[in-house]
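Scrolling down, you'll hit the structures one after another.
Heads up, the next two complexes both have chain A, just with different partners, chain B and then chain C.
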Partner chain A sequence: MTRPRDHDYLPILKRDLADGKVSRRSFLRTATLLGLSAASAYAFADKVTGVPSEAQAQDAKPKGGTLRISTTVYDVKSPAIASTTAHPLIYSQVVEYLTKTGADNVTRPHLLKSWEPSTDLKTWTLHLRDDVKWHSGRPFVADDVVWNLTRLLSDEVGSSVLGLMEGYLLNSVDTGKVDDKGKKIIRHELWDPKAIEKVDDKTVRLNLKAPQLAVPEHLFHYPAVMLYPEEKGVFGPGAIGTGAFTLKELNVSRNAVLEAKPGYWGEGPYLDRIEFIDVGGNEQAIVNALISGQVDGAFQILPDFYPLLKDNAALQYYQVTTADTSVVRMNLKHKPFDDAKVRQAFRLAIDPVKANQITFGQFSTPAEHHHVSPIHPDYAKLPEPQRDVEKAKALLAEAGYKDGVDVELVIQQNPPHHLRNATALTEMWKEAGIRAAIKVVPNPQYWDVWMTAPLGMTVWAHRPLGVMNLALAYRSNAAWNESAFANPEFDKLLDEAEAIPDPKARSARMADIEALMQREGPIVQTYWRNLISFYDKKVVGFAMHPTYMVFCNELAIKS
Partner chain B sequence: MIRFLLRRIGQFIITFLAASFLLFAVTEFSPGTVASKILGPYAVSSQVDLLTEKLHLGDPLLLRYLRWLGIVAGVVENPLGDPAIGLGLSDPRGNRYVGNFGYSLMLKEPVVDVVGERIGYTALLTLLAILVIIPVSLAAGVAAGVNPGRPIDRVLSMGAVILTSLPEFVVAVALLLVGVVWLGLLPGTSPMTQGGRWPLSLQLVLPVGVLVIASASYVLRIVRASVADTMRKPYVRTALLKGLKRRDIILHHVLRNAMIPPITVILLQINWLLTGVVVVESIFAYPGVGSLLLQAALFGDIYLVQALTLLALLVAVGTQLIGDLCYLALDPKIKLG
Partner chain C sequence: MMRTILRRFSRSPSALIGVTLIVAWGLVALLAPLIAPYDPSAIDFAAAADPHPSLAHWLGTDSSGRDVLSRLIWGARTTYIVVPLAVMSAFAAGILLGVPAGYFGGWFDALVSRLSDVILAFPALIIYIILITALGPSLLNIIIAVTLAYAPGVSRIARGITLALREQDYVAAAQARGESSLYIMFAEILPNARGPLIVDLCLRAGYTVILTGTLGFLGLGLPPPTPDWGGMVVESAHLLPIAWHMAVFPCVAIASLVIGCNLLADGLRKEGLK
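Our next item is the complex of A and B:
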């Protein structure tokens, strides 16, 4: 068996790290993305930078015990249609992902041994680990991967993975039929019969129709777990997986109990048992449960409760800076947002630093209206956006709105900070003649109109790369393009950025994209959230993950 | 009596049908389609359209209502449970049985199972609360009512007014502060799960405590007013003038006549405790019907909201019927007409 050839860019990347041209984090992220194993990437980075990795510094972890975590316990019969980041908390302990993005925002192979992208990033060869077996004893093989990926990409299953990978693995097909409202019925199919190709028992090749840098990150999208094909996509107590735990009991909206599975191929498990406890979505109840020791940790704690818990001697505070955000997006199909001058006026009337402070205070960082976070390895630093009310008024006048505009901003009832952010923005807009009425709607109602409302505020979860959100939300005709933004120049720049593995070169291209977003883009964006939680100090090995993931096989309890 | 009961059952069926149709029509205007709720916000429109087509959700309202009624009556199969749809929903009773209220869209479980488990916990909470509320409120109410204007009446009445005026969440926070934060003697939530540091009995203390405070003080005031009013009746004065002992007058003449208004209020309290304890159950994360109704309403879980609303209707009609029978037992002059 021949060793897979290193990606052409790896030697350059190593030299850049040695010369201090890329950060340690950028190096780790890009090197692993280009197929270098995490162990090799960390070893090289440790050697060059002289900073030892945290993993090596960890003490041996104690074994045994039960860990109780407060979270919403959803039904997880069908992980493929999981729609929140709380869903995988339960099933990802049993069924696993091909890759894994750690709390450090670096994506590594997981059920894969390695991956190997072609230089043009259109062919991805995925090498499966040799030592992974299903709980039934059968080895984990390429057929399992092909079955799972093909299933996730079918219309019938209804997974959000389809929207994520549509651009590079699928074609849209007009069935020629219309529904009862006269709308065309569109279906999807793999763009090529060999798009997901089994090479041998331990190798799968993805042949893409367009270059894509973020394939490993997409394989960690929360519904994309590898299910046991013999169970036909249904998950539940006793379901077979490759993970460190097995699900013993699931009482939806009450609790889920998992027990350790001996002989796990990876690290751990150290715990005997995990119990996820649902205290009904009431944030105060979660805090009460933590205070009285009913749970050892929480999925997340709202910053509002930080003062109540910060001095509790039994609890340890955890936080992580993320690219989790909400954007006020303008839909270009509606006036006045079809005019770029109006969109820019909406941004110029805002002081992002002040809006961020009002919304979250110390638990967030200001955003810059372009949906690329400073923690993204492809972020480019631009001059901070400044508030300019006079210029905003002038732009509105140039666009034909000299008396200002009246608009309605639709926001969800939850999370509550949306209303704080919306109030801050509407007050600032007033000075520029933008009169916005806030319309608070129940969450399900918002998801009915999120693609069509003229002006809305939408949550966007953390994604490890800047290009990922841009491709999902702003590329012309993208599945989740809620603003109907269609800009050929943006699409061209994004295509180019997605084909550049070099973080320096890509961030130079990202600077152009970010500037275009600030000039003509469809959003007003003022903050990036930090996620916070508290765990009992006896819990060892926890780190707050930017998408709330908890890797229970790595956790232990001190007696 | 049998005619009375049959008439009541007939009235209930008509009310049930009218309420269920109204509910069905109202949910037409609730946000989100059934298909989009099942698949979540990030499903693309082709996926939602396909599921809508499979579930016949594009049919007219009346047709869908009749189909739903057929599913409840066990005449029509529930399409959501069809394995061909691939949602993984299954009901051990099959897809066709009497009382099939479908699947909860939020919990992806048969509604009958979800409600069945929750009603058990709510019944437990109600029973424990009522076991405290009735003796406490009756004893205190009678003590105040037979001593109008005396210090014992003033103290009990003033205390009851203060406690009645406190919202449940205020009482809950106060008890949490004392029992959990200051003393550390009680758990902060009551998820009714075993295996942790707190036994189930201690998990019940705070929710029962709040319900007792909220409800007993109100019932006490009604009992006090009714007893005080009865004490002024001519037959009580006659009994006193005849030289009967005060204790015998209260036990044999006052209590029986004074109980009709409190029974109405107690039955209304049972009605509320069984289907409307939303605040207390939410604050303490108690897995009862009230917190479930709140979650279902916020999610827009149509089938679950329908089942819970019809359950509330059943409880309301049932307690009303029990009330009528109690009046009859207490006062033979009352006729069931």
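Our next item is the complex of A and C:
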């Protein structure tokens, strides 16, 4: 082996931590990303910073019992195209990810034993665990990984993983054909036949077109589970996985029942059975189910209900700060949003601090219109956006709208804070001559128009790195680019940022990206929300995860 | 004339209470700009942290920090625009179809009756949901939906009364005088049919208040931020256990106006105001 075991950057990173140049969180994240095991990274950080890490030691957990969790029960037959964070709650107990981002926002190997990036971040060697077996008894091997990754990146499947990875694994090919609307049909193919390379039965190598830092995080993007190749990408009751549970029953909009699978390679399972119960979309119904003991925990609880549950002696409160948000995105294919001045005016007319206060109060923090959160290790602090109504008016006039503009803001009926956010925004826009009519539509109807509506409010889940959100939503032609934002300068800066391992150097580049978003970007973004939930105190091992993930193999019930 | 009406009202306490409620809300609607303490869509950012009733906001603020009392007052205006327009439109359509159907009979009667049957076969709420989902929520579309749903019922009543009245001597006399059918229907028959129709009108006005509330509750009412009683309930219903004032006050407003309409209808029926 000529490749060094430790990444070249690790010693520098360790020195920076000791000198206080990088934060403990940044160190843990980057060090684990560069191949240092989580345990070693924590140990080193503890030694240097003297801050004890969260208790890792677990008391022996009791065995047996059924855990009932309230959630929306979706059809999960195609995990690769899952579109909400409630989908993986069910299938990720059966089929698993190569990596795992914990509730602490640190990513660790999962079905992998370890990963090894090259110094230039263009070659990632993934070492598979030796002890993982499918439920069928067959060992989990490199062919399984190659099959799954190749499938996730195919146009036919249409997974959002494609948008995440196309920058470094795929080439776009013009088919020479056009669709009904005269738009070119672009196909994707691996940039090199050896892009996803099987080295041996337990090793896969990713050979990237461009440097990329967030490969381990991308492997935990919620559709990226490893499915059993023989089942051809279809998931359902009885589906074979590597996880601690099997799916016994799935009744969409009603319930899903999972049972423990003995012989799991990792921790647990302690529970015999999990039942996911859909009590309907009504938030009050979820709270009632929790209070009455119909369920032991909830996928999430709206912060509005915190006062109602906080004093309940049977329930334990959990919360986590996240990069979960909703953005008002302007679609550049529609007037007046084709003009960057108009987009900036929409931002300048807003005071994010006030909008945040109306939207969630103490359960959120103000955002800065660039979709990079202060909890992201690659966040760069810019001056706080200030409201400037006069400048907003002037920009609108410059763009040819001196009498202001009339627009329609489409929002989903649920969750209710979307309407509160929209109300706060429209009220502030009014002063700048932006007359926005709010159109509330049922949630499924929103997802019919989210890519096309001129002005809409879309919810975006937490992702562990700032670059990930930006790549999914704003890179030219990305699968989830809902604003039709296509800016070569942005794409170039993002490619560069994704190639920088040093959090300080990267955040300097992120500062450019964030400034560009504030100047020309397609969004008005005013808040980051905390996620909260309540679980029965008898449930052991739960931690609120920033993407709502629940690792049921780690949970137990005290009798 | 005026004195006769007043005397009759004074004999019927229920009608009196009904009229008082309707007139009181009518005044509130009329004077909204003068009596509302705040702009109904203005946000009090400071009050958002504690929305409960206070000296500054007598009925508290809603979940977006807007004054509940001001939204109630302006909501009355919304109601007093939507409900009379919608009910009048339904009555105009119902009478224009029902009276000729009863007077002429024959194929026109058959056509109007069958069409009414078809519409009455659907639960009214389904008609609203289908129409408003298809056309989009707006004042005009709510009026269209209410007209379509109520006109068949009104036309049936008008037709039934006309059937009875066309046999009256004064109708025969008018026919003998050579009056036109149009004159007989709308100058001879309609004035004599007004009693039951007015009672029905009051009842339907009450239903329409509930209906606009229901549409608001289903998210099919007037688009936000229009102050709308039903919309106020839906925006805060999930907070009922925590901030009851946000939903309860608009519910009380809806209930009081509906009771007003029903009491008036009741009183008019008892008094047989013809």
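Here is the rule we use: the second predicted complex is superposed on the first by the 535 of 559 C-alpha atoms of A that agree within 3 Å, B and C clash if a C-alpha of one lies under 4 Å from a C-alpha of the other, contacts with A are read in each partner's own complex, and residues count from 1 in each chain.
Simple rule for what comes next: contacts are C-beta pairs under 8 Å (C-beta built on N, C-alpha and C of every residue); 3 or more make two chains touch, one makes a residue touch a chain.
Here the structure is a predicted model, which means the values were calculated and not measured.
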item: Which superposed partner A:Gly361 touches (first chain B, second chain C, both, neither); value: second
item: Partner chain(s) touched by A:Pro442 [first = chain B, second = chain C, both, neither]; value: both
item: Partner chain in contact with A:Val279 - chain B first, chain C second, else both or neither; value: first
item: Contacts of A:Leu332 with chain B and chain C, given as first, second, both or neither; value: neither
item: Which superposed partner A:Ala45 touches (first chain B, second chain C, both, neither); value: neither
item: Which of chain B and chain C A:Ile500 touches, first, second, both or neither; value: neither
item: Partner chain in contact with A:Pro416 - chain B first, chain C second, else both or neither; value: second
item: Touched partner set for A:Val252, first chain B, second chain C, both or neither; value: first
item: Chain B/chain C common contact set on chain A; value: 282, 284, 413, 442
item: In the complex with chain B, residue positions of chain A that touch it; value: 66, 68, 74-75, 77-78, 81-84, 155-160, 162-163, 166, 172, 179-180, 183, 185-188, 233-235, 251-255, 275, 277-282, 284-285, 287-294, 413, 441-448, 450, 479-480
item: Interfacial residue positions of chain A with respect to chain C in the complex; value: 282-284, 302, 304-305, 307-308, 354, 357-358, 361, 413, 416, 419-420, 422-424, 426-427, 437-440, 442
item: Chain B residues touching chain A - in the complex, by the definition given at the top; value: 30-33, 36-53, 58, 86-89, 106-109, 114, 117, 176, 180-181, 184, 186-189, 191, 193, 195-198, 281-285, 287, 291-292, 295, 298-300
item: Complex contact set, residues of chain C against chain A; value: 41-43, 45, 48-49, 63-66, 219, 223-225, 235, 237-242
